[in-house]
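Each structure below is given as structure tokens.
Both complexes shown next keep chain A, but they swap its partner, so chain B is in the first and chain C is in the second.
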Partner chain A sequence: MLSYLGRSTLQKLVTLFFVSVISFLIIHLAPGEPSQIDPLNPKFTPEIVERMRKEFHLDKPLYSQYLLFYRDLFTGRIVSWKDNQPVLGKIWERFLNSLPLFIVGTLLTWTFSFPVGIRSAIGRDGVYDKSTTFLAYLLISIPGFFFAYIMIILVVTHLHVPVIGMETFGVTSASPLVHFMDRTWHLVLPSILGATGGVAVLSRYVRSQMLEIIGQDYVRTARAKGLSVETVYYKHALRNALLPFVTMFGLILPGLIGGSVIIESIFSWPGMGRMAYEAILARDYPIILTVNFLTAVLVLLGTLVSDLLYMVVDPRIKL
Partner chain B sequence: MSIRRFLIIAPTVITLVLLASYFWVPTYEEQTRGNPGRLEQFITTSIGDATLLNPILSANSASSQIEGLVFEGLIDRDEDLQYRGRVARDWRIYEHAYFYVNDGAQTASWGVLPGPELLLKLKSALKADPLVGPHLVAMDLLPAETILSDHIDKTDSQARTFAIQANAPERIRITLDHVDQLFFDRLAVFLGKDYFEQFDAAARLVCDPELPPRQLSILAREILPVTVHNPVIDFFLRPDVRFHDGRQLTAEDVKFTYEAIINPENLSPRTPDFEPVKQVEIIDPLTVRIIYKRLYSPAIGTWAMGILPKHLLDSEALSQEADRHGQDPAHFGLRQSDFNRHPVGCGPFVFQEWKSDQYIRLKQNPAYWEGPPNYHEYVMRIIPDTLTQEMEFYAGTVDDYNVQPHQVSRLSKDERFQHFSGASFGYAYIGYNMRRPPFDDVRVRRALGMAIDTQKIIDFVLYGQGERITGPFAKQTDYYNRDIPPLPYDPKGAEALLNAAGWHRGSDGYLQKNGKRFAFTLITNNGNQLRKAILAIAQDAWKKIGIQVETDLLEWSVFIQKRVNELDFDALILGWSMGINPDLFQIWHSSQTGKFQLNFVGYADPLSDDLILKIRREYDPVRQVQYCHLLHQRIAAAQPYTFLYVGRWTALLDKRIVRRVTDNAGHTAILPIVPTKTGGYTFHFNQWIKLSGPPNMAADG
Partner chain C sequence: MATHPQFPPGTELNEAYMPPSRSPWAETWHLLRQNRMAYTGLVIFLIFFAAALAGLAVTSGSRPWLDPARVRLQEKLRPPLAKPATETLSAEEIPALNIYLLGTDELGRDVFARMLQGAWVSLTVGFVAVGIAVVIGILLGGIAGYYGQLEILLGHMTFWALVAGAIATAFSGMLKIAAALSLAAATGWTCWRLRQASPDKPLPPWLRWAALPTLQVDTLIMRAVDIMLCFPSFFLILTVVALLPPSIYNIMVIIGLTSWMGTTRFVRAEFLSLREQDFVAAARALGISDMRIIFRHIMPNAVAPVLVSATLGIASAMLTEAGLSFLGFGVPPPHATWGNILSDGKAFIFDAPWLTFAPGLVILVVVLAFNLFGEGMRDILNPKLRERN
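Take a look at the complex of A and B:
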């Protein structure tokens, strides 16, 4: 177990190093320069452009830029080119904003997918199964932004309440409960939108897993020896069907830092996705690379967690 | 059983909690109408967040919008685009002109004269001169001097230092009460045409070690320029302007702002505007004198720049701040200061709060010198999506909305809103690489322009929200020459022009000359729907007159770096956004046609060059306009671009927003918001207020 952890950590560190090199190269090889350096601004003289490139270390060879960047990242001194704010502080602030959206979205996805998927599997090819399948494909294929606009227009014109941003704009003198509920309300639409795709996909997945398990011999045996349908499906079959989802649970970890560009932009949510997207457009390398690095760390951590979880839930697996 | 129950209860509970929150949310009704404070609040939106709220460091539109309210410059432009005083109550522009006495040179009128006598003769001659006399303030003779300096030569791989000793002869200084770029031409009447040219500056330089003669003469002209214009601006500041922290704004702050811009460590994007400044002198706490190295008329406009408070940002304050943050003062500059997120200026609004990517909140400055603005609060909400902006506007939680072109015809009829529209500062064009045949022929460029129906582009691509443009100046300014007709849409005429240029239809239907088909590639950047549409329209229009056009859409940075900067294109579609200033040097002067420069079409015309420099050096607005009209005509005749259109913007505003003006006697009048000559409607923003009901202008007179 310990030796597995040691080996795995070492492997992951090596992977992380390569990820850092490759992402650094890709971003620097991509055409374009930080938006502060604007070659089409008549007011910019070549001297200014040169001075800015120097300030951003863009005049140095790539390997020394790489070293400078990761030195600054690990010492926490790295600042965004856009506004000179410390990158880690900015990411932390955005992370806290995106976190509730992530939590509620994930809760919705996971709590809805299972009942829907199990029910479809049990009543296979029934009306319920057919209609959820139809709904699932509908939800997968509807473009997120379009769905978001429809929901916003419906809520704003019929319910006359605001849905934009993290809280109702301009409400300051309310009690903590009202404040909390207000924030919760603003989570509703974006997290539903974030969850629809997830529910659609995950419930299909649950359904197929359940179907596979239900077809197993031991389920038939359990039924044959006279156990109630409930016990067979929800106790024996479900437990075994859950196994693959344990691994998936580790893999949602990177979602913590991903955020959704489209939903965050439409709902004016000051989250991670929007910041990263704007950083890419403005070629704000420190932000892009830091987010990239943290995502890589989370992905690797997620695989480690899911390996360990698998071992915990499935005694047949030894690491 | 219990698992099954859990699976059903869990999603139900979550859903109920989420939906229950609905009953706590304030409705739009409560936010807008039930809230009297809302009437004293102006809420606007921005697509993007501000970066740094420091007028010398940032150049993006969201930052500038906030900076314009928190900070104030010495001057700005009034409704008619004329300069008016803000922090400065008045100013005076004049010049010192200098020339070296050229010992031993013949003067046209008086033969060879030594300095003191030349001064006397010239003084009486100039006083009698009808053009110079009325403006002559003083003339002095400055004694000869020796200037010591070091010159670092970097032409070789290693830098070498030369010690230079320049023996400057006597110099005559003439002070005029205005700026006259032709002053030395007027002097030449008395001194003779060669008097200045014969001045041998190189002979007065002693170099150690010696420089090659060519370099020496270049250097000599730099160190001992025979004639020099030093325009001067004296600004007289208002005594009652205070920063938001109560400190009075003085000449020290103006000088500090200039020094902060010039300081290379601050990486200010505004450095080029202030590079021509020779020095900034403080005459007294309320008078500051700016002396320029050379004639540079856009210089006045640069003082619309917000003035920074010295006491919060000078090196002492910054090193204290660095200490507080526990950072190394050596690496702590203006860019690192917290000031950029908590700005303190002297404008009509005081900065309050900035939540990144959410909103920036300002409040009324009660001590504003012109009287406090009517609104108590100004909020800029960051809403990156235009449809979301629109929904918030309808709901009343945002006070203005910038209408998309396709919505204009519908929304401008809406009774609930007042609407404003005007031409943008900028235009779209098709540029031809004039270095490559056949674009080196003006007839060809003209024919290409005539083949495109620009009016149709405006009508269908822009939904009518555009105007034709014929030249390089902002259409709403006087610099734009309105007498120049746009190119007609005339494919027949275009073909005739091409025939005259030697292009004739071949058997395959394409134009040919010397057995070569007329074919080229038109490019633009990807991601701009308008340009993409124009690309297709132009391709089709040109195909109709027998030209084979390939098109290419490139990612923006590839487009700029590989094609535009490297001058590797036949024709391209692009746009310029611009200011009011008529200085066109970077885009049209022939010295700017190299790689990585902005005259990438390669327009080189000596007459235009001369006009561009004259515009830059002319301080008299009337004459500047004349030069601009000539330049406009010249460029329109050469058609280096096919000038397409300038877009129109439209903005909606709640109908209850009006101007409330209180005169000295205390009478309050309600006036409608009217756009200024240039189409801007926010000019009187400080007088704006929202009424609780629809305004009744007629009753109020």
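Take a look at the complex of A and C:
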């Protein structure tokens, strides 16, 4: 167990190193530099550009830029090139904005997928199964931005509630109840949209897991003993079908920092995705690289957590 | 009951002992016909394919029949099926069909013509991106699965490190160092080759370090897959597309280069199990070359599920392209794509909903068709679900 932990941590650190090198190279070898982003601005005289290049270490060779960047990142001194704010502080602020979306979206995904998946597995090839299957494909195939506009039209014309942004401007002066309802309404659409894809994929996965378990001999034995259908499905089958999903708790970890670029820009939600998008447009390399690095850390941590969880819940697995 | 022409009529035949009466292709086709959703998906895909080809024919060239870029400011935001006001338009401004099938946009451009033009973009992006991903995936997965146990020697590593160093220094302008590095690489390679030509003689001591094993091919490729999986894919695509000059080819290549990992893992797993099978051992015993075993014996058994997942990959590549166009990246403006028609139309969502719904519904239907067809084929190719007949 401990040796596994040590080995896989080492392996993941090596992977992380290569990820950091590759993302750095991709960003820095692409044509164009941040100092050239606004060539028509009269304030950008050659001297200023030269000073900026010096300030951002852009005049140094690539390897020392790399070392300087990751030294700054690990000592927490790294600042955004756009507004000179500390990057980690900016990310933390945006992370807190994205967090409610992530939590509500994940809760929706997990609460809807399981009942739907289990029911369609039990009534295989029935009307319910066929229609949820089709619905799942529909939700996987619909472009997020198109679905967002359909929902906006529906909600705005029928429910008359505000949807764009995180809260209505000036609502902080209203009563706490109004403020709370306003925040909630703003949260509804983006989190539903964030959850649709997840519900569709996860419910299909639950269904196939459940089908596989239902086909096993011990389930038939349980039925043959004369146990009631509920006991067989929910006590015998479901418990084993749930095993792979325990590992998924680790795999949703990267979603913490992901944040959907498209959904957040449609709803003007000041979250992680939008920040990353704006950083890309402004060629704010420190933010792009830090977001990339943190995502890679979370992905690797997620796989480690899911391996460990699997070992805890399934004694057959020996690592 | 199937008929068997090689037996005289009236012969008692036990179907259980007969070979299947249909060839595998006919069997697949038969199952596909029975799976209504997959069949519908195939039909929609064929229609889309024809529309994209026809769209390319009628909207490109210097004087296209349906001009997607023709601006008619007096005809802006006309609803679908509106007739053009012929008295205010000059002769060449009147649309060829004499009707705006899907209305016009805020510049009076014919949305139907723009949709046709965008169809070709979606089609090529989907196919080229997935084509790149599948080729990389099959190559790397095949190498990892078939040659995975081979060790990469320290000499190989040194050679490639020298080559990479030479390329890097050549790009940074240090030509002398680059020349020295490539010379060293070439000398090392020649020495190694000369030694290999006489395998019975032991390596001289000064070359022995080069034969030290470092790591397995399989480890190398699978770690590369792990590294690629660490990147947030849409964010990575967005970054690269934003940094590179806008072009449709960049998008295809980048989507392809960021989505080969699944295929690689899959092909590797298939190869690992197939190479241990008896028919491969038999082929090897016959002295058949590795290349022939890989491409004639193993590949046909591994390729069908890969193509199925490629179908699903096309669907997601088309969605990614639409998302990028929606954010304003990708194909430069006068050219229409479904994503940028929708993106331009979002400002008029309440006044001109057709600008949102036409591209949105078409993307939905086409992607859905690909998904249904792919999933249907996956079921059909699953031998557990086949009935013998």
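Everything below uses one rule, namely that the second predicted complex is superposed on the first by the 304 of 319 C-alpha atoms of A that agree within 3 Å, B and C clash if a C-alpha of one lies under 4 Å from a C-alpha of the other, contacts with A are read in each partner's own complex, and residues count from 1 in each chain.
Definition applied: a residue touches a chain if its C-beta (ideal position, glycine included) is under 8 Å from a C-beta of that chain, and two chains touch if they have at least 3 such contacts.
What you are looking at is a predicted structure, and each value in this text was computed from that prediction instead of being measured.
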Checklist entry - Taking chain A as the common reference for superposition, should the pair chain B and chain C be classed as clashing or as fitting? => result clash
Checklist entry - Given the touch rule stated above, what does A:23 touch, chain B (first), chain C (second), both, or neither? => result second
Checklist entry - Which holds for A:291: it touches chain B only (first), chain C only (second), both, or neither? => result second
Next on the checklist: Between chain B and chain C, whom does A:31 touch in the aligned arrangement: first, second, both, or neither?
Outcome noted: both
Next on the checklist: Let me test your reading of the model: by the given contact rule, A:278 touches which partner, first (chain B), second (chain C), both or neither?
Outcome noted: first
Item to check | Most chain A residues touched (candidates chain B, chain C) | outcome: B
Checklist entry - Touching A:149 in the superposition: chain B (first), chain C (second), both, neither? => result both
Checklist entry - Is A:115 contacted by the first partner chain B, the second partner chain C, both or neither? => result first
Checklist entry - With the two structures laid over each other on chain A, which partner does A:241 touch: chain B (first), chain C (second), both, or neither? => result neither
Checklist entry - Taking the superposition as given, does A:265 touch the first partner, chain B, the second, chain C, both, or neither? => result both
Next on the checklist: Quick one: is A:140 in contact with chain B, with chain C, with both, or with neither? Answer first, second, both or neither.
Outcome noted: second
Checklist outcome for this item: Re chain C stretches 23-31, 185-193, 203-211 or 329-337: the one overlapping chain B is 329-337
Next on the checklist: Residues of chain A that sit at the chain B interface in one complex and at the chain C interface in the other, please.
Outcome noted: 30-32, 149, 152-153, 265
Checklist entry - What residues of chain C sit close enough to touch chain A in their complex? => result 37, 172, 223, 226-227, 229-232, 234-236, 238-240, 242-245, 315, 319, 322-323, 326-327, 339, 342-343, 346, 349-350, 353, 356, 359-361, 363-364, 367-368, 370-372, 375
Checklist entry - Which positions of chain A touch chain B when the two form their complex? => result 30-33, 36, 39-46, 48, 51-52, 55, 82-85, 90, 93, 104, 107-108, 111-112, 114-115, 118, 149, 152-153, 156, 159-162, 164-166, 168-171, 174, 177-178, 181-182, 184-185, 187-188, 191, 230-231, 234-235, 238, 265-268, 270, 274-275, 278
Item to check | chain C-touching residues of chain A, taken from the complex the two chains share | outcome: 11, 14-16, 18-19, 22-23, 26-27, 30-32, 61-62, 134, 137-138, 140-146, 149-150, 152-153, 254, 258, 261-262, 265, 276-277, 280-281, 283, 288, 291-292, 295-296, 299-300
Checklist outcome for this item: Within their complex, chain B touches chain A through residues 1, 3-4, 7-8, 10-11, 14, 17-29, 31, 35, 38, 41, 43, 48, 51-52, 59, 264, 267, 269-273, 335-336, 340-341, 355-359, 379, 381-385, 387-388, 391-392, 394-395, 397, 555-558, 560-562, 564-565, 586-587, 596, 598
